[in-house]
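The following pair of complexes shares a single chain, subunit A, combined with subunit B in the former and subunit C in the latter.
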Partner chain A sequence: MSYVAIKGGKAAIDGAASATEYLRSKGSLQEPLSLAMIEEQLRLLTSRVVSEGGLYHPRLAALALKQFQGDTLEAAFALRAYRSTKPRLLESPVQDTANMRCIRRISSAFKEVPGGQYLGATYDYALRLLQLDLAHEDPAAFKAVAQSFLRDTPDAELPDNFPKVIDSLRAEGLLPPVAPSRAAAFDITRDPLVFPVPRSAALATMARAETGGLLAMAYSNMRGYGDVHPTVAELRVGYLPVMLPHPVTGELMEAGEVLITECEVVAMYEGSNGDELPTFTLGYGACFGHNEVKAISMAILDRALQKGMRDGPGNPSEDPEFVLLHVDGVDSMGFASHYKMPHYVTFQSDMDRLRTTQQKMQQKSQEETA
Partner chain B sequence: MNIPRNEWAVALCAMPAAEVKHLANVLSGELEVRDVALPHAGLGLLNLRDGAFEESYFIGEIPVARAEVIVRSAAGVEERGGALIVDDRAQFARSIAILDAVMAGKLPGSVPAMALVQRGMAVRKQKDSERKKLLTATRVDFSLLGQEDDEDEE
Partner chain C sequence: MNAYYELPMEDAGYSFGFLDEYAKKEVRRCILKAISVPGYQTPYASREMPMGRGFGTGGLQLTLSLIGADDTLKVIDQGSDDSVNAVNLRQFVQLTCPGVQVTEKTQEATLIQSRHRIPEKPLTEQQILVLQVPYPDALVVVEPSEARRKVMHGEADYSRLLVKLYEDVVRFAEITLSHRYPTRINGHYVIDPSPIPRWDVPRLHQSPALVLLGAGREKKIYAVPPYTVAEPLVFDDIAFRVEDFRDSNGNRIACRCCGSTESFLDELIDDAGKVTHQCSDSSYCEEHQETISARKQA
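For the complex of A and B:
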């Protein structure tokens, strides 16, 4: 592939930057968006960027969304670029998501799950009708919404965290036993994926995958190019306290928290080998932020990839190489975008070859008719 | 209220950074503060245990800031303090480390520092209460219609 240097490129590129900023700011009545507005009012968009950027920094994700005018792929790219300039200070101890402070917790497997089900903030049961009054929202009424919710909702004694639904299934012997791997988790930010890869590499790759890409792969499995047939044992959204060692005492202390979405799916049971009883199979998904479609898609693909890693892939969603090398938004967007770059030399070569081929065919045709 | 040391940092993080820095600056004027290592900010790789098979994997990175100091009072009493927080402000971490040392050693200034921690705990408690309201308002009642009194009977 060849590129050519041209005169005047810098002026055009500077002009493009100005034109982009012009479109962002045009309109005399507009106020610039504050980062808090983006982070809070477009919280699900911010969630996409923190997970696809692979860095839990909601404020910078909001900044990236502002800078790139709502483009989630570019925003995630900017977050990844930012993280590449920062030193790695630590690797955290293993965090247990059972400690999540849930703000939403549901199960489609059981009605009466230990601790109860809580819908939290969701559009699951909302009509998909445009709420036209939001087009001219009164600022005073807007501010009153949160106040009235807090005022009108009674305080209740609730636990800080909830037991995992799959723990009860496991206690009944309906799930495969846990055999924790002692292998260190794979760091996809430092090491390239060379197949076969461990499951930890697959989970890390999917945790920062592009939502739409991951959904497309999982959807192919749901529609029939696969046999996962999942049931959501538990979907939870909440704040996970990050436990790090105190620099002086070494004792684990809460250093902050991250919002995550986590999903465990129970899938088709598998036959026994020898004396072992059959059990359900499991899939797991989790990502930064509030992004349920992504967590569910990841859980389905985790289950599909486990089968593919064990028995060989029977369809695309069970093929680790196919899935893991095609779900990253920054990678795939970069490849697609590079086609916009000048390919003058390679295309000139293509044209030369085409003309030569046409000339040869015309010459041959003339010779045959002569 | 006796708040354990491993909750001081997160309580201080709940307070406005300017307030924490201001108190640390005031105390630094009265005490001798030495950095054990320069405060720094960077990233931490977050290691999670997956809920299905309990294998560990990295979900992504988090910003972390770290500081460690030795604080010495006019009376010659020394105490070591530290902070490691999910944040990208190194100087904020240093301020917390100073207060950590002051409170751990009960050095002059530990009373206002602990008051700040207590206010931070109150902020956290309030936030916790607000989050729980999201659950309270949306708890699903699976009892069958007619099994219990419901609004349809009124």
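For the complex of A and C:
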């Protein structure tokens, strides 16, 4: 018994790998991309990959983007596979996003909110005109941009954190109070989704969903296959301190911080139970990185799914099974790609069925004409 | 991330079998459950593997959870050890499971991972067959909702599947299911036996080898334990039929390489447009060729 030499297949795989590497490096006059360049200058791409990969490691995300030549699905996939090799060390306690060090926070519900509105870095009001001077950017001028921004920005009285907009809505009784008992969060990396699933399973699945897939589902609800009609109570982007119990004392301590995007949407009120007053309803979205479209889509879908879980789905975006089993990028891209693999045997079997059916139908029509 | 952060550059320390030990333990527990309830789709928290969902990640998690350094592994895809995906999976196991032997010979293997075929050569009690599964649920043909399918399975309610087969007979005078033929295990659960051709379905019945089926993307594990009843779903008056390899004169077509008239054949079209046939099981074909040339020499 020994290792049997493999014939054509191995050579083909090796050849494909070197052809791919050739394409990565063929811009012969260029420098190889540094990971810091990807992480900083393509920060939104990196954000997307940490979010869909479900692993907060921007440097590894940058590496994956470099390795897979900018393919977000593949890069997120590589992070997930890396994650499979790591044991789960502990379950983190609930993190309070009121402690977030915001780089941007807005509310479209109120002109003024406690703590104020901060537009921060956004393309929302940018004119989408191609900026041709970026084609030949002078390195010195490039560096000067950051320096002058920091110099010109006053050491503002920017608070460390901001109160949450929905807290004021709660205080006024327009939103229901936070449910007191909280079951332990469902861990989608350790338990399979068996429907019906709790809301925490839905939120976790959407938090690492593929952005485009999530957006398409949410958009169907926005357009009319659903009726969430959301108002963004608050959208915030910033660094959330991650509090973990000290291994010895058990006391919560800051282990680091993660860049996250969080969105809360408020939707119209529904019929109340018994003598309680009706209140607005809430949809919640949050994900790693700076991904505003994803967080908004998630918040809308959270609202739609809560409605579907309560009253039964009235349309696809309210159906937990339909939404949650179809938004994962790793699953969906893998299965779409698998059709490229050989299917000789099943196709042989298909041909057998068609030929036999054709023969039988022919015989039948001959018998009928005879 | 902090600008001074440097990625640790030592080789990523992957443990034996790539998955962490907790993950392997969980998969093994699910295997035990799947064997205890033949044909039941046991949900498990399928991990992401470094190859695409749909490329055999379910089968691979079974293999990696079961394999030990004293095992001999055979990996086939479409019956062939040399198919690109089979090569890729085998290389990955060799990379992450030092000490494991690999083989192309069916009889030498203790563990066989396969996509779309069951080897022609009968398996033994000493072997485990792992099949890769894209669609774990035979009922998906008639019911898209997993929650509703789960209830139907619990009640052994396969009436809609039988209606589908009946409608086929009415419309086409034939059952049109070509592969993934619904098969009832131990008198209760109907399984999707993975996209094996109908040719391979009878091999599941009373198989001496344990057959494990793993769907990574759909996160299910199920089993046909050794010596278990496995019956394709049919009607009393409509027999189950395997693929027909007879030519227009009604003669059984032989493999162009080994001359066998007893194996599942691949149909090939050469540059001139001529159709020829060859065994799908490459290990079977090679062995048959060797036997014949030995006989000729004798």
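Of note:
The rule we apply is simple: the second predicted complex is superposed on the first by the 342 of 370 C-alpha atoms of A that agree within 3 Å, B and C clash if a C-alpha of one lies under 4 Å from a C-alpha of the other, contacts with A are read in each partner's own complex, and residues count from 1 in each chain.
Just so it is clear, a residue touches a chain if its C-beta (ideal position, glycine included) is under 8 Å from a C-beta of that chain, and two chains touch if they have at least 3 such contacts.
Source: prediction; values computed, not measured.
Following the overlay on subunit A, a side-by-side fit with no clash is recorded for the pair subunit B and subunit C.
In the superposed model, A:334 lies in contact with subunit C only, and not with subunit B. Of the two partner chains placed around the shared chain by superposition, subunit B and subunit C are both touched by A:88.
Touch criterion met: A:207 reaches subunit B, while subunit C stays clear of it.
Of note, the Cα-centre angle with subunit A at its vertex and subunit B and subunit C at its ends comes out at 110 degrees, rounded to the nearest 10.
By the touch criterion stated above, A:186 is placed in contact with subunit B alone, subunit C being left untouched. When both complexes are overlaid on chain A, the residue A:71 reaches neither subunit B nor subunit C.
With both structures placed on the common chain, the touch criterion links A:63 to subunit C but leaves subunit B unconnected. With chain A used as the common frame, the shortest Cα distance separating subunit B from subunit C works out to 6 Å.
Counting contacts by the rule stated earlier, residues 57, 83, 86-88, 188-189 of subunit A appear in both its interface with subunit B and its interface with subunit C. Contacts from subunit B toward subunit A in the complex involve residues 5-7, 9-10, 13, 40-64, 66-68, 80-88, 97, 100, 104, 128-140, 142. Note for the complex: subunit C touches subunit A at residues 1, 3, 5, 7, 12, 14-15, 18-23, 26, 43-50, 52-55, 57, 72, 77-79, 81-88, 90-91, 101-104, 108, 116-117, 134, 145-147, 150, 172-174, 176-180, 195-199, 217, 219-220, 243-244, 264-267, 280. Partner subunit B is touched in their complex by these residues of subunit A: 50-51, 54-57, 83, 86-97, 101-106, 111-112, 116-121, 149-150, 153-156, 158, 160, 164, 166, 176, 178-181, 184-189, 199-201, 203-204, 207-208, 234, 239-240, 242, 244-249, 251-258, 260, 262, 264, 282-284, 286-288, 302. On the side of subunit A, the complex with subunit C involves touching residues 1-4, 6-10, 12-13, 35-36, 39, 57-60, 63, 77-78, 80-88, 188-196, 321, 325, 330-331, 333-339, 341-346, 348-353, 356-357, 360-361, 364.
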